[in-house]
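Okay, so here's the structure we're looking at.
Order of writing sets the labels: A, B, C, D and E. Residues in every chain begin at 1.
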Amino acid sequence: MSKPKVAFYWCAACGGCEEAVVDLNEAILGVVNAVDIVFWPVALDFKRTDVEAMPDKSIAVCFINGAIRNSEQFEMVELLRRKSQLVVAFGSCAHLGGVPGLGNLFGRDALTATAYHDVPSIANGSNVKPVEESKTPEGTLSLPKLWNTVKSLEQTIDVDYYLPGCPPPVKLIVGAVEAILAGKLPAKGATLAPDIALCDECSRKDTKPEKLTVTKFHRPHEIVIDDEKCLLAQGLLCLGPVTRKGCEGACTSVNMPCTGCMGPTSRVEDFGAKALSAIASIIEAKTDDEIVAVLDKIVDPAGTFYRYSLPASLLHRRREPQSEGVHKS
Amino acid sequence: MSAEMSTNGAPKVGVYVCHCGINIAHTVDVNACTAFAASLPYVTVAREYKFMCSDPGQEIIQQDLRDGKINRVVVASCSPLMHEGTFRKATAVGGGNAFMFQMANIREHVSWVTLDKEMATDKAKALIAAAVSRVVHHAPLVRNRVPVHPDVMIVGGGIAGIHAALTMADAGKKVYLVEREPTIGGHMAKFDKTFPTLDCSACILTPKMSAVRSHPNITLWTYSEVAEVSGFVGNFKVKVRRKPRYVKEDQCVGCLDCIDACIYKTAKVPDEFNVGLSKRKPIYVPFPQATPLVAVIDPETCIEFKTHRCKKSCAEVCQKDAIDFTQTEQIAEVEVGSIILATGFKTFDATRIARYGYGKYANVYTSLEVERMVNAAGPTAGEVKLADGSKPKSVAIVHCVGSRDAHTNRYCSRVCCMYSLKLAHLLKERTEAEVYNFYIDMRTPGKGYEEFYDRLLQENVHFVRGRVAEISDWAMEKQEEGKLTIRVEDTLVGVVRRIPVDMVVLSVGLEPQADADDVRRKFNISCSHEGWFLERHPKLAPVSTFTDGVFLAGACQGPKDIPDSVAQAGAAAAEALALIDRGYVELEPNTAYSREELCSSCHTCVALCPYGAITFDTTKHAAVVNGALCKGCGTCVASCPSGALQQNLFTDEQIFEEIKGVLKYV
Amino acid sequence: MSDSTTPQNFEPRIVAFFCNWCTYTAADLAGTARMKYAANVRVIRTMCSGRFDPQFVFAAFREGADAVLLGGCHPGDCHYMEGNYKALRRFFLMRRFLESMGIERDRIRLEWIAASEGDKVQRTINDMTAAVRALGPLSMEKRALLHSADLSAAIDKPESRPAATKGGAA
Amino acid sequence: MKYLYYPGCSMKSTGKPYEESMLAVFSALNQGLEELVDWNCCGATAYMSISELKAFALSARNFALAEQQAVNGETNLIVPCAACYLGLNKAQKNLEEHKDIRAIIDKGLASAGLSYTGRFKVRHPLDVLVNDIGLETIQKRSIRPLAGLKVACYYGCQLVRPYAEFDDAHEPMVMDRLVTALGGTPVPWPLKTRCCGGSLTGTIPEVGLRLSYILLREAQQRGCDVIATACPLCQFNLECYQPKVSKMYKERIDIPILFFSQLMGLAFGLDRRPLGLHRLFVPFDRTFPVAAAEGGAHVG
Amino acid sequence: MEQWHGWDKVSYESDLDHQFADEITSIPGGEKLFSCIQCGTCSGMCPLSTYMDFTPRQIVAMIRAGFRGEVLSSYTTWLCASCYSCTVACPQEIKITEIMYAAKRIALRDGVHPKRFPAQVLAGEFFDGVQRTGRSNEGPLLFRLFLKTKPLKMLGYAGLGLGLFRRGRISAKIESIKRKGELRTLLKTIENEHWVRRSPRSEHKETTK
């Protein structure tokens, strides 16, 4: 009998997830033996038409990484959804919107303006901007339409499983693949990672003071970091308490505070809101001024608490003035 | 959630909309609300009724529960602070679990505050929808019972505190009576006569004072203040600071030889008890019937404390060696089940109204000073004298000084009219002077009060309806020279009058004690704008507070005369007794709980609990909540980063659902 | 009610979280005293303002609230000693985040209202309703739930409460 | 330069001695005053009874001018006339409290090319002398202390009412403290702030003059040598009608009425003429010897 | 035989004007009129109440009850020297002085003020003077005032006038500001504003929706 067909696809993301697959090292051979990779643009030369040619549901499982932010990505994931029995949102971007999701703090126009004009290193006197269609002697060239709002995968298509992380830890990937091959999968919609926060597996776990409070926040470069002591207790804004474990403290073990790439536990609706609530609660300050003084050390709350999850958050994106909305429509 | 629900079968919600007579019905379209409720998911029964809180009203709910039509109850009526208890009970009686219930407040929060009928109905619908979508996720709960400590603490030894203490003690309860002054008796001990009966204040008070002293069930701690209160209803821990009086209370027999022996041959220190009208020595007893009759040394003025070179004649003369200069402040700690606050009031500081010349003109007195003056045991042995020692031929009594005035206190002090009438009578009786009462409105509500007013009218006391504008010493004409002239509009005649008098009595109003705010914080209760302690409900719980187990008696809750203070003291005692005799309290089950297997041991919650109810269990590697200590604020739940902590009756899920419900439909 | 949405007659929907001991009681007092105020605020009761979780605010916005009002005991008066301080800290941090999300300050308020301050409930609610009415609808709701079906609509326009937003546009 | 100075109409006529002595005293304290350029009537009381709005407008223009003129960031406008002091204060308060009024006035000012922010504070010289410059300085400067001079300090009404910006509305003390610092003896009396009759002395003399009479008689009976005033109208009423009053009440009324600033001038040892003493109806001829001790003034 | 010359003292509702109170409460400072408890402090404080036909307290009561005519034609308001004793002492913080001003303004507007007192003449003179010159000129002002009101008494005051003149405390010269135009524009613009305020009572009738 034939091996299960597997596909990988890469939407709005940095490529790290693709790396992560390669990071399987030897294990990847096992995978390759076990499965039949039918689509993997970054590694193998298959074309969209090849996928279109496949019968529906002919792909056993499709791993999609990256957020969805343009028409092409949307067409591709819809196509792959049709052709696949299982779709796994692979990595933070697909899972929660990821870093590209921070684009939702601005919107298309602002972003293009920055990228093609405002940035000091850009000389674009004639203020050229990408257009969806441009006529040339050779004919009409077209570009995918850049969306105004970045979406997580589940906000565009139906998703079966989620592999969190930026990128997903090898262990979890292997676990997931094995589960799939063995057909031992949890209920649909599950996140394929433990449902406890990171502190549980953090090397610094036992150094936490009984009563955890913060009087002043520091940024990692501002202080000499104690290698054993709980980072939060040292005044470093570590989101470990809010974040799913599974990475084995990849960052915290090397003195970098957790930034929350694994997303929240199943009990939490909105990662950033909860993180914000927890962090604010433990600061030692009473008067308005004291509180503001401590909190002001947290530059860019949005970027800090929603680094990987803005599109999947309750508020989803920055609110645009109504007028804008009107002229767009 | 499904787990929760299964414990009670698939949700079947009964919604009951109350008309509250017309209180709700006149602004909220009750029928529309009921119809709307019927259309909501999981709702199997929706009814409206005139008075849901009435027996037949409750019966409707119980019947539906018995018939198995419903397993969850929503009542849309008044505030949960009003009737939640009632309907939870009804739900339980009907065979449901008391906590599979939610209330929608469509009276206090809707019908009573909204004019537009349509908007009121919409708002009511929203609140009902919120309650329904929330109650679907309720879980059956049980109340914890904790025993009530049978002892009681009473703070304040005025007439209210005294009466409460005796009532409790006679019922066989152990009472700690704490008074900050060296003696109990409070303001009443300062008065000569009491209105309207004119019986002598001391004659009726002192027997009660000595009864307190001698009662086996009463521990009397004078010259003491409550330092700290912890715990909760039924189980309070109270720390009491016992100031040193430098005289051993158990030794002193009250012979007062020490006072005569004091090296100060004449008294030099203004006497607090006589509001400064007389002087006392550094070692003193406030007044002859002081209880306990134990001398006090005031270190501020005692030579020994100032110079350490006094020959201590007081100590020498004392046969009991009761004098002890080495005494220090003691902290006594006791456990009690209930607390009665009877901390009383202070009188208004008349210097705050410059126009009345108090402190500027020697013959302008406050009512309290005059109370002492007319008191046979007072500084003048009952004689009413002017500064120059002569008898006044005319006296003006000015009502509403520091009351009914936006610049001082807006409220009516309630007792001034009556005590002014009393003083008018006494002054007339003692001096045969012309006595004028200047009043805005004569307020004599009370048994025998109006009759007393009528009696004064007969005693040819002058009554001028008008608030005194100013009191000054400048003369317009001969007969005003050397006198204090009252300028006032006689509003009944519509003419401005100038009335020269020898003496002015300012009927000062009542104010909360200067430290009322610290006190209420100690006991964790609220107060009104003015600073009077706030009762749980102005009509239905007038002696209870929002903190269970803490009750109010007397003027600390608002201006009150003696009869009312005593009555309220009795009521407070009864409430406390009821609590003690039940023997236990049922705690709201709205406590936090930890799903220990989900805890990542991040320690965020531990520091947040003001009651130390959360500890970190190093063997379980999880934060654990002590349900007995938890008071159910939910602060830890809101900050638990991984949702391992939850709060009964306020789970994340229940609140999220409430939010959805309140916005989904209207 | 919320479909008449020109700024003048737009009726904002405001969700309030009041603590049981001070602000909720004050609201009851306002009721007993028959003080009339805007009907736009719907109160959800928690035992203490310390229970307030920013998730609740965002959820309320997503469910269609135009603003959120938080009420607790005055500093020093918290029935649970310090819950209101925790609320205050969360509030400050949350407000900074909301600014970067383009949500006006007036849409989220924290007020200390003591049990005796019925009049303050009336004042606060009237003020806030007026302020939010002037701001127009928030229309942040449900955007995160949109699926491919309505994507075309969802992608380019800021998604919005059906009728509600157009008025706000004016 | 720290203060702008708004004279008001009276200071230029009946109140001339007030202006003269005040300016003299301030410069004696090296405290220059810069007069507000092209100031107009404050809109005072009588104006109020016809059109309140216009009264506010008049005041507003003065503030607007002040704000223009305040190149060195001055924010204090010294106003010696009690009526103007009240008028300007009242306008300012109303512009703060009532948005609708503010809107109209702003519109009016704009039409005249003016604007008002309300950053100027109206200050009475008494307030400035006692609270900014300080009694100590004043005492030091008093080389000829008013030894033994019994002074009835008369504040009048509008200086402390209704706003009581710098002292009690019924029992003000600043002037008493000032007189003490000058070496004089303030005589306690209860009529400090009782109305002098105001404009009624002109419109309804039988009433207005009686009010003056009450004050004059009381001060005399308490053996005062002089009544010190802080308002041109008060001074005018109390001084100029004395013959009339004496006739009306068949009682000899004869007591000098000085502006507090004139007393200061005397204590400072300034000449009589620049203090406008020659402009008085009831002459005040007392002179005061230089204090023996250096630094001069003793505290009475 | 003698006949009884009594008169009917009852006041009929039809004689009263219940809008009057709203008119008064609508002026800045009039808001609290209705919280008056008739204690008489205002009258007691007022140094002029003894000369008034109605005491300030009665005026407040009458305004509240709608005795428009009686209030506007009474001497009381014109005897008010605006010393604010009443206002600062009122236990209900009613700004009585402002209410007096309001009554005066209305009386002048409707021309129903008592004719005996020259107070309104003074006001009028003052007003015109300031309109014209931007300043008030006491000398000419008093002069015109006496001409208008009691020419005969002039002689009585001639001495005083002369004395002031000699002491340089009064002059016939008309003081005036430079930028008159600016002031005129300002006042014109204000005049054209239709300034309507609503009484708190009518506000209360429809509470915010």
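The working rule: a residue touches a chain if its C-beta (ideal position, glycine included) is under 8 Å from a C-beta of that chain, and two chains touch if they have at least 3 such contacts.
This one's a predicted model, so the numbers in the text were calculated from it and none came from an experiment.
Enquirer: Supply the minimal count of touching-chain steps required to go from chain A to chain C.
Expert: The fewest touching-chain steps linking chain A to chain C number 1.
Enquirer: If we look at chain B and chain D, which chains touch each of them?
Expert: E
Enquirer: For chain C, which other chain has the most distant CA centre?
Expert: It is D whose centre lies farthest from that of chain C.
Enquirer: Pick out whichever of the two, B-C or B-E, is joined by more C-beta pairs in contact.
Expert: More contacting C-beta pairs are found at B-C.
Enquirer: What is the distance in Å between the mean C-alpha positions of chain A and chain D?
Expert: That pair's centroid distance is 75 Å.
Enquirer: So the centre of each chain is just the mean of its C-alpha atoms; given that, what is the distance between chain B and chain C in Å?
Expert: 34
Enquirer: With chain centres defined as C-alpha means, what is the inter-centre distance between chain A and chain B in Å?
Expert: For chain A versus chain B, the centre distance works out to 58 Å.
Enquirer: Touching two or more other chains, which residues of chain C qualify?
Expert: 36-37, 39, 53, 55, 59, 86, 90
Enquirer: What are the residues of chain A that contact at least two other chains?
Expert: Residues 268-269, 274, 277, 280-281.
Enquirer: Could you list which residues of chain E touch at least two other chains?
Expert: Touching at least two other chains: 207, 209.
Enquirer: Inside the complex, what are the residues of chain B that reach chain C?
Expert: 79-82, 105, 107-110, 112-116, 118-120, 122-123, 126-127, 130, 521, 524, 526-529, 534, 538, 546-547, 590, 608, 610, 631-635, 637-639, 647, 650, 652, 655-656, 658-660, 662-664, 666
Enquirer: What residues of chain D sit close enough to touch chain E in their complex?
Expert: 9-10, 12-17, 38-41, 43-54, 57-58, 61, 94, 97-98, 100-101, 104-105, 107-109, 111-114, 157-158, 161-162, 164, 169-170, 193-195, 197-200, 202-204, 207-208, 211, 240-241, 278-281
Enquirer: How about chain E: which of its residues touch chain D in the complex?
Expert: Listed in rising order, the residues of chain E that touch chain D are 27-28, 47-48, 51, 78-79, 81-85, 87-88, 95, 97, 101, 104-105, 108, 117-124, 126-127, 130, 134-139, 142, 145, 160, 163-164, 167-171, 175, 177-179, 182-183, 185-191, 193, 195, 197.
Enquirer: Which positions of chain D touch chain B when the two form their complex?
Expert: That would be residues 168, 170-171, 189-191, 214, 218 of chain D.
Enquirer: Could you list, by residue number, the parts of chain B that touch chain A in their complex?
Expert: Against chain A, chain B makes touches at 598-604, 606-608, 615-616, 621, 635, 638-644, 652, 656.
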